[in-house]
Amino acid sequence: MWLRTKCDLKFEIAVPTPFILMLRLRSGAQQWVASEKYKLEPSVPVYEFTDSYGNLCQRLIAPPGPFAISTEAAVRTADQVDQAPGAPFVEVEYLPDGVLSYLLPSRYCESERFGQMAAAITADQLLGYDQVKAIETWVRDNIRYEPGTSDTPLSAIEINARCSGVCRDLSHLGIALCRSLSIPARLVVGYLHGLHPMDLHAWFEAYVWGRWYTFDATQPELRGGYVAIGYGRDAADVAIYNQFGPAVYPTYQHIQVQRIEEKDV
Amino acid sequence: MWLRTKCDLKFEIAVPTPFILMLRLRSGAQQWVASEKYKLEPSVPVYEFTDSYGNLCQRLIAPPGPFAISTEAAVRTADQVDQAPGAPFVEVEYLPDGVLSYLLPSRYCESERFGQMAAAITADQLLGYDQVKAIETWVRDNIRYEPGTSDTPLSAIEINARCSGVCRDLSHLGIALCRSLSIPARLVVGYLHGLHPMDLHAWFEAYVWGRWYTFDATQPELRGGYVAIGYGRDAADVAIYNQFGPAVYPTYQHIQVQRIEEKDV
Amino acid sequence: MWLRTKCDLKFEIAVPTPFILMLRLRSGAQQWVASEKYKLEPSVPVYEFTDSYGNLCQRLIAPPGPFAISTEAAVRTADQVDQAPGAPFVEVEYLPDGVLSYLLPSRYCESERFGQMAAAITADQLLGYDQVKAIETWVRDNIRYEPGTSDTPLSAIEINARCSGVCRDLSHLGIALCRSLSIPARLVVGYLHGLHPMDLHAWFEAYVWGRWYTFDATQPELRGGYVAIGYGRDAADVAIYNQFGPAVYPTYQHIQVQRIEEKDV
Amino acid sequence: MWLRTKCDLKFEIAVPTPFILMLRLRSGAQQWVASEKYKLEPSVPVYEFTDSYGNLCQRLIAPPGPFAISTEAAVRTADQVDQAPGAPFVEVEYLPDGVLSYLLPSRYCESERFGQMAAAITADQLLGYDQVKAIETWVRDNIRYEPGTSDTPLSAIEINARCSGVCRDLSHLGIALCRSLSIPARLVVGYLHGLHPMDLHAWFEAYVWGRWYTFDATQPELRGGYVAIGYGRDAADVAIYNQFGPAVYPTYQHIQVQRIEEKDV
């Protein structure tokens, strides 16, 4: 399917403020970016680089006054997310080098403390995809998805205690559980067509049978319409903006994901 | 200034043909990509990766039949190219690690054979920027710029013997001469506003005084309006398309670079 | 000074166990590895790769039975650690791309929750080196250094509550405090000549005035004799060994750091 | 088998001279470095980095006067080189991203000009390993191997005209022929046990059936005893030393490769 995604952010800046943005979509195995707009008002010098996860990041200094970022893209994404029930676990010795770091605990995914819990949740499953599916189901059934309830990321331990969270939080718990079973897992931040209420979204991917598969504990079932913005070990690595100096919050944030025809790209 | 760049390519494909394209502009120190379109007809799966020079490359298989690629971008680029007469040479021991490979000879820049010639051309110059300027001037004055005269790249040695060439060829000679003086130099492929006849363009950059500076022996003098598509050691690294299997040539190629207003981005 | 470092580890392996070791020293700005031995008994196939922090990592599968790793190196390291009182803070916009990830919170350094505390500790300091020095002093004065008291890493929040910890723990707190002030900081694992009791050591580095400087809250004052094994965001990234599958603990671990003469290298 | 390799180089330096050395062996799929010595006399500051091919490179400035480099290593390497007659060609669309650059022409491997010749040489072969084997055989039979006859690298075109060359030259021709058939190929510089006369050696690898295989047109048949120092597109990328400023040549160069027992490592 073809989607048009939009993200509008407005800030009121008091002092010159360095930002690192991660709002340039990349084409990848799962999506093709056919058109893209990236507008800054006022227009300031920007420098773009690729971080160690392959994300395109924009560095700039926002000047005092109103500062608006608006991005828009037309993206082809899968109608259905690939699923692979029964797909086998990849033994650690066969994982590609670049995937190994997704086995380690990270800021919001304290995986080294979830071994027993993950073993219990996945007790009867085949090693691999089915374990991850059991984890996704467990999180869906046990952690209440409450969009819009938190601004700062919480960690897997905190979410597990709290039993509710936003999309990012549920994903962090899913990731921590996977990694505790030596299954590489990573956070994805992006858009999802049909999300209610519409907002930026976060889900997770797990590496089994030689590739990354998509999981999402916030939705009743996996369907198509995912558009990835960035990948990382957890929310610490994948902020759509990092801002330094005195804290600045968006005064306006608007996300839109619309189905379009290929001819309207 | 704001420019709209367009590149349209059409092929007639006989058998399924793997392509690697390099037609996704990147924002960098010198340019900001505010909007972009990238269209393939028919629409095929594409996988994008970043090569070792930082270029975004698109991998795909073109199916038999007509195959069209059209890209378009709105880019802010400098009104004037930065120049720095007198800027000093960077001693090899102070060059960043990532710049060192631009000192080595490469396919079309046999720099290890140009030492004496470069020494003669730059005899009276201050080490650094002024040496590169002398090289650019020498190439402009001694190698006739004949756009459209060659399809396959020629090497610096060949061009020096032939005394004429296309933009890529003149750049190769400039690069080989710089490197022979231990000045890192690289090829840039892209667009130039006001180029006659309009086509894709190639120029070179040399690293002095801690950054890359632009040089172009094909133009009477440096002005603004450059838009980079890709960087590399020479044309072997920076082809806008590499195609494998039976050779395929574009049946149509059209390049356009227009000045636009910021409001029309 | 020249040092000979030795690390001997013995395991009793029950089932074939994948390991990732980080025990190959690298030469760097601060140290030169003049000789090195790396012995595995039994001798098994090993594959070495470079991780995203530049560390050399060895992948192997330990077979059932006794498994011994012994490494040894002769290294030249600084007689005195560089210090730079007054060295200025680097504004985020001027940090190299590769340094930016050391500003982010990580598994054991929850820097986003230490802003107020760091501000209080560094209230009267010049921005930059002196802030980090104040943090190092505060950690030394307020967190009791108790070598050998913990096996699993604790996080900065946990250590701050507990008021005691091992070298790694004190470093995690120092790092979290630095990052909360937008000063990049990273963990170093390695050897320290004269450490009592002798063991592997951990300290931290902070990026000010264009380079990394060494800090160590476990020692009364900075002196020479540091030998780095690996770098990372925190202990999650820099384990001298990561082991997968059923947990295996060393049955023997012996570390030695001896002063030698250059002629005995 | 276990081998002890030694490389001794001596220079007489007139003015402070920047060097980039590539003499630190790396453990890899094919070899394990169990011990290593790297001595510089006089002892100067050295900075080590990893280049874009994964080689460890040492940067230093040699001071005026005699300057000696001596390296030594004990390495386990295969008794027999892996061979895979019949192993299939990997279609370009399935090559890993990192392998693609080994398809491009490079300084000494003008592969874009060898298509017809390679097609003729490999006319009756299965696509893949057997094509490379036919190329290796053709080079062995048609280009006379004359060790010690050249100091500066020659290109595949030059060698093909000259019909004789050193190990590096024969490899360049083999590489150019492979690439012209869309088979990735790279140069390896290192040691070979039993080479006569003993010297540094160069051979090539080709990527078929999902991995790199070793080929060597200078030897009557493939056997074990290869120790790799560095990899690259051709000799421009893999010099054991690159030196900048007024040319300096070794006044002494001695290479030794001895079989040892594991107990003598």
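A, B, C and D are the chain letters, set down in written order, and residue numbers restart from 1 in every chain.
By our rule, a residue touches a chain if its C-beta (ideal position, glycine included) is under 8 Å from a C-beta of that chain, and two chains touch if they have at least 3 such contacts.
Remember, predicted model here, so these are calculated numbers, not experimental data.
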Label of the chain whose CA centroid is most distant from the centroid of chain D: A
Chain B and chain C: spacing of chain centres that average the CA atoms, whole Å: 43
For chain A paired with chain B, centre-to-centre distance based on mean C-alpha positions, whole Å: 35
Centre-of-Cα separation between chain C and chain A, whole angstrom: 30
Junction residues of chain C, two or more chains touched: none
Chains grouped in pairs wherever the two touch, ordered by label: A-B, A-C, B-D, C-D
Contact footprint of chain A on chain B as seen in their complex: 24, 26-29, 32-39, 43, 45-48, 50, 54, 56, 58, 76, 262, 265
Interfacial residue positions of chain D with respect to chain B in the complex: 18, 20, 49, 51-52, 59, 61, 91-93, 97, 100-101, 103-107, 109-110, 112, 152, 182, 236-237, 242, 244-245
